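Order of writing sets the chain letters: A, B, C, D and E. Residues in each chain are counted from 1.
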Amino acid sequence: MNAMTPLEPSVSDPSVSIRSLDLSFGAVKVLQNLNLEVSRGEFLVLLGSSGCGKSTLLNCIAGLLELTGGQIHIGGQNVTWAEPSERGIGMVFQSYALYPQMTVEGNLSFGLKNKRMPKAEIAERVKRAAGILQIEPLLKRKPAALSGGQRQRVAIGRALVRDAEVYLFDEPLSNLDAKLRADLRVELKQLHQALGNTMIYVTHDQVEAMTLADRIAIMRGGKIMQLGAPHEIYHNPRSKYVAGFIGSPAMNFVEGRLEGGTFHCALGSLDMAGYAFDRPQDGPAWLGIRPEHVAPFDIAAHKPIQRQARIDLVDPLGSETLARVTVEGLSLWVKIDGETEVRAGQTMPVGFSPERVHLFDKDSEARL
Amino acid sequence: MSSERPSRLFRNMSAKIAAIPMALTALVVFLGGTAWTVAYSFTKSKLLPKWDLVGLDQYERLWSTKRWMVSIENLAVYGAGMLVLSFVLGFVLACLMDQKIRFENTFRTIMLYPFALSFIVTGLIWQWILNPDFGIQHIVRSAGWESFTFDPLYTADWAIFGVMLAALWQGSGLVMVLMLAGLRGIDQEIWKAARIDGIPAWKIYVMIIIPMMRPVFITALVLVTSGIIKVYDLVVAQTSGGPGLATEMPAKYVYDYMFRAQNLGQAFAASTMMLLAVMIVVIPWAMMEFGGKRRG
Amino acid sequence: ADIEVMHWWTSGGEAAAVGEFAKAFDATGNHWKDAAFAGPGEQARAIMVSRITGGDPMGAFQFNHGRQAEDLIEAGLLRDITDIAKAEGWDQMVNPQSLLAGCTKDGRIYCAPVNIHSWQWLWLSNKAFADVGVQTPTTWDEFVAVAPKLREAGIQPLAVGQQSWQQTGLFNVLMATLVPEEVFLSVYQDHDADVAAGADVAKVFKAAADAREMSQGSNLQSWNEATALVINGKAGGQIMGDWAQGEFSLAGAKAGEDYECLPGLGVTEVLGTGGDAFYFPVLDDPDLEKAQAELAATLLKPETQVNFNLRKGSLPVRGDIDLSAANACMQKGLKLLAEGKVLPDTNQLITPDTTSQINDLFAEFFADASMTPEAAQAQFADIIASAE
Amino acid sequence: MLQGPTGRKPRKALTRGNIMLYGTLIVVSLYYLLPLYVMIVTSLKGMPEIRVGNIFAPPLEITFDPWVKAWAEACTGLNCDGLSRGFWNSVRITVPSVVVSIAIASVNGYALANWRFKGANTFFTILIFGAFIPYQVMLYPLVILLREIGLYGSLTGLVIVHTIFGMPILTLLFRNYFSSLPEELFKAARVDGAGFWRIYFQIMLPMSLPIFVVAMILQVTGIWNDFLFGTVYTKPDSWPMTVQLNNIVNSTQGVKEYNVNMAATLLTGLVPLVIYFASGKLFVRGVAAGAVKG
Amino acid sequence: MNAMTPLEPSVSDPSVSIRSLDLSFGAVKVLQNLNLEVSRGEFLVLLGSSGCGKSTLLNCIAGLLELTGGQIHIGGQNVTWAEPSERGIGMVFQSYALYPQMTVEGNLSFGLKNKRMPKAEIAERVKRAAGILQIEPLLKRKPAALSGGQRQRVAIGRALVRDAEVYLFDEPLSNLDAKLRADLRVELKQLHQALGNTMIYVTHDQVEAMTLADRIAIMRGGKIMQLGAPHEIYHNPRSKYVAGFIGSPAMNFVEGRLEGGTFHCALGSLDMAGYAFDRPQDGPAWLGIRPEHVAPFDIAAHKPIQRQARIDLVDPLGSETLARVTVEGLSLWVKIDGETEVRAGQTMPVGFSPERVHLFDKDSEARL
């Protein structure tokens, strides 16, 4: 086998470690030379655009797909060829995969019965999980008589009742309402803290990612683009792709040239003093600034860089308002707090400081 | 780290153990039995298999026997007709049965019951019913339609269809039930989606349900075709191959030579030809159908 | 000892007949363990052969005596009962002796013949002929002559089931009765293709064409449906073996009153001596062997023969017994036997393979009115030429 | 306010669709029932009436003698106790043969559909090929095989034979059905720590009731009606009921009693009929409803 | 039948109108006497907790479930008993319900082919929808070879290609990443504006609800709790349930008594001057305040009501930070902007103004 060094520095005491993983469906290469180490007790969130291979990765870890190449270790054991049941994992499937002929209760207890757990304990655990997931009244129903969100909760419950060393969650909260989702987020976090097991969690919800994750892995086209703590991903994206992917609404990008610490673009020549350069390199570049870092109205006055903006479009979200504005012919999104009244057509000053921007090389899209 | 790939032999051990009966049957019985049959087709075995080689004599005789040639033609006509009719009838009935009808169980049992009856007697009944002197023709004529003629079993050109009528009567119930089982496996959500798309029911069946039921159709196809190729009892009971050679079938040729004419060598030559034909069609098809990807 | 006996006599009358065998055998202190399986030919034979090759043979089994068992004998699977036959004096009393010849291979005897069935009967319905106002014919030719009359009256002249064994049987009856015996023998015994292609046989084929003509519109399969037509007067006659007798008596018809039976079609009064025989597989248990011997002997004892054949409606294989209880038709047969007017059965002369080729030929001939007798005869000669 | 149709659509019995639907079913049922009618009518007539009569005419004088005779009096050789003789033998043969053949084939089908392993397809292809081999051709090779393993003549041997001949179609039946079930369920069960057998029994089997019914229909009918194997591979003591049926119906030279034949055939068919009717409840709809989304 | 007047005033020119709708599954009553009018060209979002009957309502409108009682009109026609295909609707199912044996292209074009639309036009439409949904490279694949999000997009595509009078969308974007979701949100909005058809849209994403909806209906237990424009729902919830349901994180509630314009609670006696009373009524009551309306640090200084708070927990979301704080023994969530550094254990002043609070009766939970 090819003795590669993993891309990421080895974490201490890895619970799951994935080495040079390759996976293809026929001619479609889905995962390519993927390396990942997850340490014991870590909560890792996988983020990535639809179809980038997140579910496939979870399936590989669970042993449900045969690898094309590479190795998987769980708890120090090489489990590349082990049975799913020998890997000590619990999994929530994106498609739920509920046992249709069993009641909700049967679905929850099936895995436990397989382990010959005493009846009383099974009942206990099922009750607890059902309580957390608010599905007690549904225990005697079959999946066909459940709503989408209820099915999803049963799918989560099936994983929750187990003592797994590693939990794999594939978008477990996507069909739940915000309130329930917030509740479950808290429950999951607590559970994770109480049990101390490793979690690998796929989600599209950035709030979920930010609040739950110890580390976030951003995937793209079967590769991991960046792996780091949430604030690092958010504040220090290593590439334009990651910068654009994380944050909602997405980061505003302005094309220009970096020359000796000054960024020349449609907004004029901006002095980048204060920007923490990684490796300053002159040439064509992108400047990125998040909507929440574009200060509107009076706050703009405190910022080093200021311009006049015309508001084109207003999206009031309640707690905040999004506005699309035009500045010097460029279209930018600005986040304004929900209490300020804004109307399309209005003009306002906007400003930002170089500390808050992100610069990326035009070609490699790597952070400068 | 131990990165040794464990021996593939022991992966999925239970599955492999569970498949042992199948492997044994396939190898020992079907492959072994076929090889044995082919080998003895080159002998002049009579009542008992005897290793008395005569080369291709049996084949020469086979291909110069009129009955064999006629049997093949008959099989082609019968096979094509049965395939089409039993699929159409079986599927249409299954669709009707799947309409949440009342008395489903009764209707299903009625359609299936012929399947439970021995052909020795049902062949006779169909003989009677199709008999022009006291069957349907007689009834219709005595009801006043004097020129009505319906005597398939006694007209060489039509006899095969008379056999088909009975075969369909006996076998279509099973095809119906098989298709019904397939229909029951279809997710109701698909129906909803199709209804929203405003697709007429027949088209839903043709365009969506039938493709989804492909596995069941394949099962039915094998079931029906193998039944066609092996057709014997029915012909014996209903027409004894007559009138003339009009309903002779290859399988009947094989059995007649095996047990009645006591010419095993000839019977084996005939069955070798049948198996060869089956092999040419079935093996490449099965390899393609089952050898490729996991799911269609 | 228990001897398992396999046979295909299953219907009511046949079963009663078997009962006589069993009774007689049980009286010897053994036990007849009955294993009946209907339908000679394909299945019964398959079972017997399987049992024997499977290494678990029965004690005795029934076959048509003739050439069907040749292979088993050659393979050494059947017991040589020559000494029993000698001890019982079969060579003296079996009548006709050709029956024993059917059991003999290379000078050794392998089976015990138990009855005679003959094919050469023409059954005629008195009612049918009365309806068209003619005398019931007494010969085949008369029958052929009145056939058009019957047809005009809407009566089927000759009823023939559309199964090849019935059609071939009919042809063989014509062959046995319409031309001299030598022709029959040189065709079937000597496999003389020239004779088969010759003028005498051509006459038979002509007659067969007449029969075909007379049977047009006989939309039937099984022989007893045809018999039923004769019984009801819906058909003039039928050529069928002596077993048809059973149908007549079951319907309450009386020979001579309601129907007539013409052995040898009223032309050449001769009977074929087909029939059944018992074979004994080789067993390695001396007790059983002894019982087998006793069974073989019992089967041909005079009173066993009488009782059996009376019930079976067939003729006994020995000439030295009294069968005064038999009905009119049977008496006719007995008389012929006594006179030695017998012919061997085709089963004794040709292999089943040849038989089945001839069956195929006649199936075609009877179904296809456009097939000329000449064409059929040419094919027939080919088959005879290749017969073994 | 609420004018026009409201609430549940009333189920009209006589819509055009329903007339078509039930009309077709009834017409088709006539086709299936006509021969049955003839059989029943014939079985209730005396022989003289059958010889003269019209096959469709109801009996002038109903007699149940043929039924009694078929069940309890018809002779096969020395034994004149009708079908009743072989009944328990048939049960003894059918039950284990059906159970074993379905069990083995369904497990095979499951192994093939879900636990793919190398070489499986080759075996399976040969097996499918086996479906087309006429039984009778295999008769002697199997006799030799059973003789060699010492099972010739035993009930076990017969069960093996039925299992072998049922295997191609049944395996195909199950394999194809299992492979049309959502694969995720199988995956989920593996994650839940269920092994080969548990997945089979607890996940696959409950979702496959309709196909098990089909398999049962096939096997019960086939084995119950079989007499060739039942006679070739066992001793007369354990011959099935169909041997009696065959003997009653199939005597070549003896007298034919059509009414008894019909009664015997109908009687023999009763057991499968009961199975057909009783299995109706297992034809459940939407076996995998709610299982997966996608 | 009972001649009820609808709960909500009739809208002019209703496209969909639902009158006294009842639906039960056996003994389970899912929808109860539900009335709803949606006007032509309106974008109505259905929000509600999991299992409250949203999908069931859509199914009723589509004609896929038989009503237990009531009427449904679409485009002025009483379609209560009409076939789904006669109703002029397009629908995206929560469970996708793709045709498994057809390619993506087949799935999209099937409905159109059936209408004998010219081939060229079908191709055109499929291409357009595939473009919008970014599934062009997948057109030849079958659903089984798609990821969860890709399947969902195909399901949307199948509805989009049609010209329906009414579109029913059941959580159509739940399995998509934030970026794609934002793109599709814009596309859907534009499409809706271009075509002018009626949309009934179920979602759990509040941003989606707020940005897309002309009106939002909040459902609970098979009934509509409140129906109104997004800002109205957000700023003027008619009941505690609605107030708690909308907004993320959820509104903070404080129990107390309202007496003559003063609210007495653990925080002390708060003067409600400035609160726009609906129907002031003394007695036990709830006071609700959204996390974003609890001003932290220096902004607190401008608020009429101020307290000291200890920070228990910090959830940095990147663009903003959520903090759980304890004020006078009460636990509250506070939203702080993402740039301010906060740590658990820290204390800070918090403040809010009575204009921003919501008062609800204790028993009826109705707005005061």
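The rule we apply is simple: contacts are C-beta pairs under 8 Å (C-beta built on N, C-alpha and C of every residue); 3 or more make two chains touch, one makes a residue touch a chain.
Predicted model only: the values in this text are computed from it and were never measured.
Participant: If we define chain centres by averaging CA atoms, which chain lands farthest from chain E? Would you check?
Facilitator: If we average the C-alpha coordinates per chain, C ends up farthest from chain E.
Participant: From the C-alpha centres, identify the chain that is farthest from chain A.
Facilitator: For chain A, the chain whose C-alpha mean is farthest off is C.
Participant: Specify the chain pair with the maximum number of C-beta contact pairs.
Facilitator: Max contact pairs: B-D.
Participant: Round to the nearest whole Å and give the separation of the Cα centres of chain C and chain D.
Facilitator: Averaging C-alpha atoms per chain gives centres 39 Å apart.
Participant: Could you work out how far the Cα centre of chain B sits from that of chain D, in whole Å?
Facilitator: Chain centroid spacing, chain B to chain D, equals 15 Å.
Participant: Find the geometric centre of each of chain C and chain E from their Cα atoms only, then give the gap between the two centres in Å, rounded to an integer.
Facilitator: Using C-alpha averages as centres, the distance is 92 Å.
Participant: As a quick test, compute the distance in whole Å between the mean CA positions of chain B and chain E.
Facilitator: 57
Participant: Provide the list of chain B residues touching at least two other chains, using ranges where the numbers run on.
Facilitator: 11, 124, 187, 189, 212, 255, 258-259, 295
Participant: At least two other chains touched by the same residue of chain E: list those residues.
Facilitator: Within chain E, the residues that touch at least two other chains are 94-95, 98, 144, 148.
Participant: Of all residues in chain C, which are in touch with two or more distinct other chains?
Facilitator: Within chain C, the residues that touch at least two other chains are 41, 43, 46, 49, 53, 222.
Participant: Hey, which residues of chain C end up touching chain D in the complex?
Facilitator: Result: residues 4, 6-16, 18-19, 22, 32-41, 43, 46-47, 49-51, 53-56, 117, 222, 224, 228, 231-232, 241, 243, 246-247, 250-252 of chain C touch chain D.
Participant: So in the complex, the part of chain C that touches chain B is made up of which residues?
Facilitator: Contact set of chain C toward chain B: 41-43, 45-46, 49, 53, 68-72, 75, 162-164, 219-222, 351-353, 355-357, 360, 363-364, 366-368.
Participant: Okay, in this complex, where on chain D does chain B touch?
Facilitator: Residue list for chain D touching chain B: 21-22, 24-25, 28-29, 31-36, 38-39, 54-56, 104, 107-108, 110-112, 114-118, 120-121, 123-138, 140-142, 145, 163-164, 167-169, 171-173, 175-177, 179-181, 183, 195-197, 210-211, 213-214, 217-218, 221, 224-225, 242, 245-246, 249-250, 258, 261-262, 264-266, 268-269, 272-273, 276-277, 280, 283-289.
Participant: Please name which positions on chain D make contact with chain C in the complex.
Facilitator: Touch list, chain D to chain C: 47-48, 51-52, 74-80, 136, 139-140, 143-144, 146-147, 152-153, 227-228, 231-233, 235-236, 239, 243, 246-257.
Participant: State the interface residues of chain A toward chain E in the complex, per the touch definition above.
Facilitator: That would be residues 25, 28, 47-51, 54-56, 94-95, 145-150, 152-153, 170-171, 174-182, 204-207, 210-211, 230-231, 234-235, 244-250, 290-293, 315-320, 322, 335, 337-339, 356 of chain A.
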